[in-house]
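Each of the two complexes below includes chain A, the first together with chain B, the second together with chain C.
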Partner chain A sequence: MTVKPTLLIAKSVLIEAVRRREVYAVVLVSTLLIGLVMTVRFFGLEGLSKFYREIALKVMGIATALTVVVLASRQLPREFETRTIYPLLAKPISRTGFLLGKLLGVLLGAGFCFALFMAVFLAGTWVLGGRVPWVLFLQHVYLQMLMLLVLATLCFWLSMILHLDAAITIGVLLFLLAATFTTVTSTLYDFASPFGRALIVGLTYVIPQLALFDLSEKAVHGEAWEPLRLPVMAALTAYAAVYTVIHFSLALLSFRRRSL
Partner chain B sequence: MPANVIEVQDLAVEYGRGKRRFRAVDGVTFRVAEGECVGFIGANGAGKSSTMKAIMGFLFPAAGHVRVFGEDAGTARSRQRIGYLPEVALYYPFMKARELLELYGGLSGLTRVSLRKRIPEILDRVGLAGRAESLLRDFSKGMQQRLGIAQALIADPEALILDELSSGLDPIGRHDLRDVLMELRRRGRTIFFSSHELTEVESLCDRVIIIHGGKIVTQATVAELMRPLSEIEISFVTGNGSSLPASLTALRPHVADGHGTLIVDSPTRCAEAILALSGAGCQVRRTSTRVRSLEDHFIELVGATRRAP
Partner chain C sequence: MKSSRVLLWLAFGLSPALVLALSPNAYQGGRSRSAADRNARNSSAIAVMLGEFRTSMSDLLFVKTERYLDSGIAYMPHIDDHLASVQAETAELAEHHHDAEHGHVEETGHVHGPDCDHGHDDGHADEAPHAEGEFAGTPTIIRTPEDDFRGFIGWLHREVKPWRDPRLGHEHTDGTELLPWYRMMTMADPHNIRGYAIGAWWLTDHSPEEAVRFASEGVENNPEAFQLHLILGRVLYAQANAILADTGAGQTQIAPIIDRAIASFRRGAELAIAQRPPGGYLDPGDSGWDESLEEDALASARMAVLLLENHGDLAEARRLASDYTQVFGVDYVLERHAAAPVSPEPHH
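Moving on to the complex of A and B:
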């Protein structure tokens, strides 16, 4: 299997993602939302700067994740619907190479969306005269990209077994569940029955804990936190890799067995 | 003897599961030899597209096997030598025609340098010259189909598999396409295509395969198919009190008010009928040849199959 066909498919996904207006709409609406924060004078200038950064990073994370859910979920159903899957797979490219290309394209699209957000974030921080804890900030960006990778492969799999609308809806719900699972269940665990506790523990392994990839609070309050150590970053990378491989393998299995 | 490019043996394709299982293609067997142009015709739902998809390896046969250039269908090596046009695809609306052909050409193994030369040539060939930088969302259905043909031809493949070839094309588009296919035939390319435009099939093909209800009804060369389609009509005036001999009544002549017509299927029978008419005191006024089209034959064949229990 050569890399070139995969890169060509990824490029076509990126072109579509960049030229569609929806990415810009998401960035614009989120920017307006973040902009509203800058009008708040409740905390004083230093407090405002931190509050802004915290809200901005949260909004950016959620908006990019939702963009990825939509982008990843529609890749395969849209190919079937418009019949463009046929001329693509009529060329000498394997189904694995095709799916990898789609995944890479979605990640590049997500990266593009994230880059726009970063520009907004850094511009806002500069206007407010805040400082960016660069190492933590870059670790946050890296972990968010890992989170998007997990999410994209999950949505690929969902789109192979569900209709497009259902895949997007379930994808959004699973993202929200996975992002808040640790917070919610750590409170619930103490009050749960033995069966409930076993269920929570079981689900902890089934559902990828996306909250682990969110360093936004640490990146905001950088002076109080040390950057994550390398073994921790490596462990998080491995954690993301496990879920990515599982989701991608399930998607690939469905795709390879499917009559087109 | 030319090698087989496509070999389909006892192919069966099924859709659905359990009680909803439906056999779309049932025991189809045929071959397409190198350099042949074969038309694949049938009514909607006859099993044409399913057969073509099985040839491309897009779906997995329930029975039988398909080989392309001696390889199992669907392998990258078999696809390397084929250009495929699907039934009307709607290409990526936010891509430009050039970018789309770069994608398909690149996937076919063409280099950037060769694509730079090839893309304007192929766009010109399918009547889309000057549209390389247009976004595909601005393309009409016919233009999308032309672009589909361009992507099938981009790597100058040895064989072409074209599903619903002229779908969405206007008469000029169909004419242009016929020229393109004629040129490919002259260059010895193998062409296997389905179309509802039977005049196109008649004028382009060496051989025709007719499928109905998932089964092949007939496959023959165009000349073989057309031979029984020629008819000669003899118009005559009956003599006073003359009656037609048994050899002519067997042909079921239509006679009214002293004028009659009868139809024979060959020049020899025509000569025999004229002699018999003269012998019976009739006066032959006119003979005219009627050539029935492939469409007439197709309707007759498929109609007969539909009526069969």
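Moving on to the complex of A and C:
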């Protein structure tokens, strides 16, 4: 497998993501929302930054995830639909390389989107006079990128086995309901029958627990919490890697089986 | 087919009239209300459906303030009857910030008597704020390692999210960062009484003027909520004390504020007495009058009497104490003042 064609595909995805106005629209709308939060005066008090940090991180997280879901879900079906897959695969590139290129491009697009947001976030925090807990904040950014990686590979797979709209819908729901799912299953466990409990345990491990990649609460209350220890970061990286490999393999399997 | 369409359009056109006939038209539910209030108002299905989102949002924001107070840790709700009262909750906050003077009118308005029982609090107000072990045992939403079926995932969950062993006491943060959430929750639901009351009390430390403004807004939006008259009286009293301390002003300069505070306490007590069932919380009937409401009602009555006494109107203080004693029955503070008001001794 040669690396250059894979990088070229990644570059084309990134260029497409950057050129498409929808990324800027998402960033602009989110930035306006965040700007609105900044303008609200709370009883004339200065230095209230936690409220801003919380809202901003949530808005940024949601906006970036939605962008990635749409971007990742569209990659493969559109290639088939517009028949651009044929000239691409005629080049000296394997399907694995092709898919890796697409994944890398989506992640670079997500990184671009996230970087725009982070600039807005840091500027806002600076204007409000708040303090950024840097280590926790950078850990949060890293974990969010891991979450986007899991989400992107999942959307690749879903887009290969489902209709595009269904893939986007499921991807969005999985992301939006991640925290709720984690809490609800944990609560329901006490009330479930033995079969129900086994099902809950199974689902807990089958469905990626995206809430585990959200460090925003600790980043907001940064003065009270230490940064995550290295073993925890390593475990989270391994956890994301497992799901990424599984989703990517399933997507590749479906892609290989797909007749051209 | 055609006639059914006409009927459908007709029904659609008349639907506003159907809604107009429903009572009440405003849903007022949620945790921020008393049980009686919720029961009385939530008899309309439409009101429930239309109002649920707004009130739920406001209540969710209230939960958010609790999490902010605990540095983001999600504890199971632990509001019992005592803690549900505006009096108890703001007294908690005051213990957090102030050294209170035992046996006097505190800035919280709480008066310790021989029968004073804080339930969760074994100490007195003038002990160290939030000693280790307070609220210990309140379960967290995230399970403890011994109780978690999720193994590795449970461990990660506890590491990533704010979590603390529930066997340890709560460590409360400075409440300043909570204030935006109180503003948001009262914007989402202007009938969130607890939001106004506790938000105003937190504000007192930072800006008594803003606290008075916020409490007044609460009273304006909820004129029948006696708890808000209680809190308005208390923030006015705190404002007067702040002026005395900061500017060295005399009693005559703060007299208008004190008069306003007394009027607010008296109004709160009047409203509470009108709403209170004759048997109080021990025999509430269908009223939903519980211990928290009783505590707030008593606090309004006591504060009116104590402030009148402290500011020289002994005769009126005694008369009021006597009237309130007849309503509330056995109460150490009211009985003491009804029988023999002490010498005027302005409290700063």
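Here is the rule we go by: the second predicted complex is superposed on the first by the 247 of 260 C-alpha atoms of A that agree within 3 Å, B and C clash if a C-alpha of one lies under 4 Å from a C-alpha of the other, contacts with A are read in each partner's own complex, and residues count from 1 in each chain.
Simple rule for what comes next: a contact is a pair of C-beta atoms (placed from the backbone, for glycine too) under 8 Å apart; a residue touches a chain by one contact, two chains touch by 3 or more.
These numbers were taken from a predicted model, which means no experiment stands behind them.
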> Between chain B (first) and chain C (second), which, if any, makes contact with A:58: first, second, both or neither?
Replying inline: neither
>> Which chain, chain B or chain C, ends up touching more residues of chain A in the combined arrangement?
In response: C
> First (chain B), second (chain C), both or neither: which does A:83 touch?
Replying inline: first
> Is A:182 in contact with chain B, with chain C, with both, or with neither (first, second, both, neither)?
Replying inline: second
>> In the overlaid three-chain picture, which partner chain does A:228 touch, first (chain B) or second (chain C), both, or neither?
In response: second
>> Quick check for you: in the superposed arrangement, does A:92 touch first (chain B), second (chain C), both or neither?
In response: first
> When the two structures are overlaid on chain A, which partner does A:212 contact: first (chain B), second (chain C), both, or neither?
Replying inline: second
>> So in the complex, the part of chain A that touches chain B is made up of which residues?
In response: 4-5, 8-9, 11-12, 15-16, 19-20, 82-84, 86-94, 259-260
>> Taking the touch rule as given, give the residues of chain A at its contact with chain C in the complex, in rising order.
In response: 40, 42-45, 47-51, 143, 182-183, 186, 189, 197, 200-201, 204-205, 209, 211-215, 217-218, 220-221, 224-225, 228-229, 232, 235-236, 239
> Across the complex, what residues on chain C touch chain A?
Replying inline: 68, 71-72, 141-143, 148-150, 152-153, 155-157, 159-162, 171, 173, 176-177, 179-181, 183, 203, 206-207, 210, 214
> Can you list the chain B residues touching chain A in their complex?
Replying inline: 15, 53, 56, 58-60, 76-77, 79-80, 82-92, 94-95, 99, 102-104, 106-109, 148, 151-152
